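Next come two complexes, and both contain chain A; in the first it sits with chain B, in the second with chain C.
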Partner chain A sequence: MTSPEPLAISLSGITKAFPGVLANDNISLDFRPGEIHALLGENGAGKSTLIGILSGMQQPDAGSISVRGQRVRVTSPKAALKLGIGTVYQHVLLIPSLTVLENLMLGAPWWKVCDRDGAQKRFEELSQLLSTDLDPDVPVGRLSLGQQQQVEIIRALWHGELVLILDEPTSMLTPQGVHELGQVIRRLRDHGVAVIFITHKLGEAYELADCISVLRQGRVVGHLGKDEKARLSEEEVTEAVVAMMFGLEKATAAETEVAQGDAKLPHEGPAPLTQEGPPLVALQDATSQGQSGECPLRGASFQIWPGEVLGIAGVDGNGQKHLAEILSGQRPLAAGRLTLAGQDVSHGGVAARRRAGVRYITDERMGEGTVAAHPVSVNLVMKEIGQPPFWRWGLTQKGKVRDFATDKIGDHDIRTPSERTPIGRLSGGNIQKVLLAREMAPDAKLVIFNKPTYGLDLHNTLRARAWIREGAGAKAAAIVVISNELDELRETCHRIAVMYQGRIVGIVDNATTSETEIGRLMTGAEVA
Partner chain B sequence: MSALLTEAFIGSLIFGALTAGIPLLLAGLGEQISEKAGVLNIGLEGMMLFGAYAGFAVAYSYSSFTIGFLAGGLAGLATACLMALLCVVWSMNQIVVGIALTLGAEGLTALLHHFQFSRSYPRLPKAETLPLPGLSELPVVGGALFDRNLLVYLAILLTVFMVWVFNRTQLGLNLQAAGDKPAALDAAGVSVKGTRFAAVLCTGFLGGLGGAYMSMVGGGLFLPFMTGGAGFIAIVLAMLARGHPLWVLIGAVLFGVSLSLATALQVAGVNIPTDVIQMLPFAMVILVLIIFARHSYLPPALGIPYHRGER
Partner chain C sequence: MAAGDKSRLDGSALATVLRILLPIFLALLVGALLLLALGKDPLAYYGYVVKRGLLSPTGLQASITRMAPLLLIAAGLIVAFRSGLWNLGVDGQFLLAAVCVAALAPGMAAHGFGDVITLGACFIVAMVIGAAWSLIPAFLKASHGINEIISTLMMSFLGVSFANVLIKIPFNDPTTTVPQTATLPVEDRLARLGDSTVHWGVILAVIMVVAVHWMMERSSFGLKLQIVGSNPRAAIHAGLNVKLLTYAAFAISAGLAGLAGAVDLLGVHGTIRADWNPAYGILVIPLVFLARFNGYAVIAFVFFFAVLMIGGESAARRLGVPTFFVLVLVALLMLFFAVTEFLDQARKKKTGA
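And then the complex of A and B:
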């Protein structure tokens, strides 16, 4: 029952190489109007490159693109917009200081006076099509991430409603936000837009898409058509897609489990725990001072018992960064108290906290986590700089550092050419292993993980989560996991605390609370 | 101290304030355009110097102020073209290039001055003024404010024009986007490099014009290093103005007053060493920075070359 109407976009033989990587290898795909087409693949499968090529940000080395049957070259983002191909990128690409309408007007010929009336009209048209309710005169910086995404969708459709590309659109959204997004893109599909939806989450692809294509190592390794997908049950689709994602024989039980986990099958949390004795860590009414644009803590309190994993959920930018920095000693407490094993450690910086048994695995692996140009070995002792046994009389004890590093590299299976290799050359997963190795200590009392699996592939994600569940290499430490992926917290934590605008608006038991309820807390619905 | 309140003193103070303030206003407005677009133009001082030299030299040979001003603006524009090529197109470090341009301009104009003018020190005649009917008849302020060169009025009108451009036009949106989030502008289909290139050219033209005003109207002659840091003061003005042209105007007048105080106090015969008086504008810069710099707003992408695909 394939309709004779022309394809919205057809790709044939698209190939793009970067130094050392073949990002897209002879990709051919068809996108039809009125169809939601999911592109599924792990990190590094070549999804982003393909989007870059479709949106005119990058040029393919070989291959051709046809729009409505006409062969075209998409030489720039402007050319893409003119063809009716609109893209919503993973990272918000709006100017926070400009209003919604001003952001939408961006791109008209520069010599013109802003056509506010015309823009207002088009805005209302598209708002109606999407059935969204946005104030056009509010600076974009004041909108929630979900609303900003709606603005981006409106902008992507501004010059025509042929193709809408969404790059990992759900990564910043609450469960409710994802639901609303689903409604919006279904309306667009019914209006005849070809929607291309990039994700690495199988569950979302199943729920939202009409057909699914799977990318692996730059190639299209499988396709599930509209009719086929409609015929199969969710389990069958999951199974088929997992087989495509990893190659049929290679899919291990664990990989299937993770992929299915994303498909919203029941989660397995950590082993149950009884809270005995006094809490190991207690944070009381912690507040912090932030610069404009940051969300400070506005009175956060929680307690953690030995061996317990506490998850911090919340949409990005609700004070998680400050919380991590306050716990690790990188940021002073403006008010409040932090006690660790009965001792008040509210004052004192990173070194003092470290002596007290605090370990912090940052989310900024390349920023504050490591020094890219320094060798792996020095990065492994980065937090002991100047201290014996690695330093004596101000001189580096190279032998000691090297021996320590080779031990750690062996213990943690860090894949590096040698301990002298600059850490910036390693993959994200291996850099993460270096951080884990550095922060691991059997006598640690508090271990903080900030977005521990951000940017990691499935294997390393799995490994990191298992590591957290097993207590992060410490005996009966209190563990804090900060993440905006609810799945991750469901898998690793005993209790989940939800942050909203610098406050902890609720702490719930992981095993007995539904995702919807946590989602409601995340939007601040419970806050008076 | 009653001498300070005489008509002569106030008149010369206002007259001098405007004379010293106009180059700052022109250069500051120019700098504001390129800063808005994300290019920190440290070479402004050099552009002003080239403008000052070219404006004077051309006005002197052709005996025409109009052609002189045009030449000054174009000299600044040409310097800016080099700056834009290096910093915007080839993504070189804006600070290094800016300093190099300024040092180069100082050396080159001093050399040219040495060969052309150092023996005769020629002077231009007093610039023609355009008295505004009625207003120029006012006592005390009339002559100082409303009997000035056409460029003075144009510079003040330019301030208003820029407010309109920033708030009402696509160009204003593009400039702000290029400085705040260039990737967003690129995604909207507008060339970031093109926008920045044009912005730097505007800066150059206005800086050159400011320099030409200094040599042709302010002094009536060209001297080596005659801009004396005015370009850097203009950069500070643009930064403190947080993207609002009217604040550049206010700042330019403020600095103009402190610059002209030196002359005015001498006219009034106040017994303070001239060195102390000449220090005033720079003490003012430091004071203003201490008081207001905390609130200065700079576009997030200021000084960072744009590469498509990097975020």
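And then the complex of A and C:
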């Protein structure tokens, strides 16, 4: 070794432009072996592009990458793996019907005979290194998400243990899962792996990382080295990083709170509420039929009073999607009852529920919430097609639709070139604003938010949460917020219901319950 | 961003003209090379096509007459394609409706029903038969999500075969030696426009294309179909009755194909021989794509194609070039349109527009 501190990977002047955006602007970063390096930044800060370049999915327009001091070109994901750069993406990319070992053996050249013994040996080696206890012969589909992620980590390290890139690895894990992941990462660090940890949660970065780099608008705007970070207290680190992330001299309290993610800071919940009179919404023993791979409802019940916000917590895939679809009328109830203001509405479809005052803001904004190729104006009235005043005698009243759209665009600060722009060209935050505008009704009785801030940047996250706290533009509606971010529920809800395997396993008061308690419920532990 | 928009606007008129003319020119050029390879004079061929299909009065009238079934089929395809349904079974729907009308019309005329009642009944029967032939694919698609491309094609083969059975057995005219349906007297067919040989079915067809275009663009029903077509999950999310809309789109599309069969029979042929299958549907599908489902553009493309067809048939007889050479030209046209489109998209990506 010639230099005292050999670098695992060194990026120099990496620049990558996409139509209209400079995703990476002259980024230079060094990643050292035996160090956990957190990359922090908001949505659109350029994190994903940088991972894409490191993992060979994308080629930079300018700049160079050196691995162990050698200049290299990472031409494909395969090439990246060969160089010892493994990436674990946010979403699991394994084949559920294949076993753990079979998944790991994928990607070998087709002309070679499967080397089961060799694979088994490598698997045991890495299992020992990670200190995990996975059965190599069990189908991946039967593993928990945390275990699946461990398989992904093993796969990423399969061809070498130089660099491990983790893209938002905690987004789908329970608090316990996050803890276990932390242990795995630390073991890898001690083994000499350079771990690159991408996140937008400051709390995680502080807890796990040795050093932190902050990206904003495609540039590296700040760096906290190992020694510096060790010297500062958590508050000082938080303040420094928040200032870098948002380009502020001093972050406002609210922004600090969001940026900290799961960090246990005192949160400000909604104004207290007394449950007076009969409940506005009552769901009784709701069950649904799910296809394979979906988690159906297996008897969910709750009641919500006017003006109350009920949070639905739980790890993704425990029946939340079905719950939202049942409430909105998109999915029929297999059994059970839904009453709204004393009326039984169990059997209506979407249109009937909407007439009864139900509004649903889906989490799949592009998948089902909007029609990408259609203009913003049409998407704003998508749930009113055929109804006056926008349609008369079945004919589109173009002027009415346009005026409505321009009003909404103004009221909700939707950033779009015009109301005729296809909605698919808007950013996620602005598409969310379109949905919020569309689902706003002063006389709404039940408003359902499914992951309302998923994929939004900080500004829009704060905006959406404030919108929920203020009652979603309705007078005393019952509000359901489904989210897998506990801090979001802590901030917006009066009570929090926890879902586990299609059931509501507990409903707790937000103000008087600890996060540990909720975390325990999320993993299926019985109510204390 | 704003500057980019402006420059695109300035260049857009020229670019649009280029996008249409360049592929046509290239297709004609390659077609000419093929003709040379066959030992024919390309200029003579193209000259005949233009002269016989466009410039001579009888040729032009024949071209315009030919537009009627093509336009009605195109109208149906616009509805289906914009609703995201690939109704490739129009030929079966067309032929079956035509055969039924071929049996019904002479019978009704012989029994002394008036023209209005006869024609009206024929149009309705044709549309119902066409729509009925799409019922199975529509059911399979709506209730089981089975790909309609395969099911409509299979139903089309069945429809064409079944039409032949009808011609040869129940609807066969015993007074003729070849199997064919009874002939509708010329005076009972669709009336001509003025002194021309063009029947008023052409007007009906143009009206239908415009009506369909207008329905898809301006009505709530059309918008619902569009949403089902571009994002079926969004349609469910918005509470649209996707099943019903699927049936409706199929019924309209196939009904218009059936109407095309009625108009072609009542306006031109008057009788159908066994094994006759013009396969207009397969010819019209690429045109509808070229026109990007725009009704007005469809009218232009269909006219262009009708001239090629009529002129090409005439030129084929004169020069001994196979009639199918017209299809070669259309195929080349498609190819070059696709290439131009691809290059245009690539250019847009590159310039970041």
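The rule is simple: the second predicted complex is superposed on the first by the 509 of 528 C-alpha atoms of A that agree within 3 Å, B and C clash if a C-alpha of one lies under 4 Å from a C-alpha of the other, contacts with A are read in each partner's own complex, and residues count from 1 in each chain.
The working rule: contacts are C-beta pairs under 8 Å (C-beta built on N, C-alpha and C of every residue); 3 or more make two chains touch, one makes a residue touch a chain.
As the structure is a prediction and not an experimental result, all values here were calculated from the model.
Applying the stated contact rule after C-alpha superposition, one finds that A:62 touches neither chain B nor chain C. With both structures placed on the common chain, the touch criterion links A:78 to chain B but leaves chain C unconnected. With both structures placed on the common chain, the touch criterion links A:369 to chain C but leaves chain B unconnected. In the overlay built on the shared chain, the residue A:108 is in contact with chain B alone; chain C does not reach it.
Residue contacts after overlaying the shared chain place A:394 against chain C, while chain B stays out of touching range. By the touch criterion defined above, A:330 lies against chain C but remains apart from chain B after alignment on the C-alpha atoms of chain A. Look at A:273: by the touch rule set out above, it reaches neither chain B nor chain C. Across the superposed pair, chain B and chain C touch chain A at no common residue.
If you check the complex, the residues on chain B that touch chain A are 168-174, 176-177, 180-181, 183-190, 195, 308-309, 311. The part of chain C that touches chain A in the complex is made up of residues 1, 218-221, 223-224, 226-227, 230-231, 233-234, 236-240, 349, 352-353. For chain A in complex with chain C, the residues that touch the partner chain are 19-20, 329-330, 349-351, 354, 360, 362, 364, 367-374, 378, 382-383, 385-386, 391, 394-396, 417. Residues 52, 55, 57-58, 76-82, 87, 89, 91, 93-98, 102-103, 105-114, 155 of chain A touch chain B in their complex.
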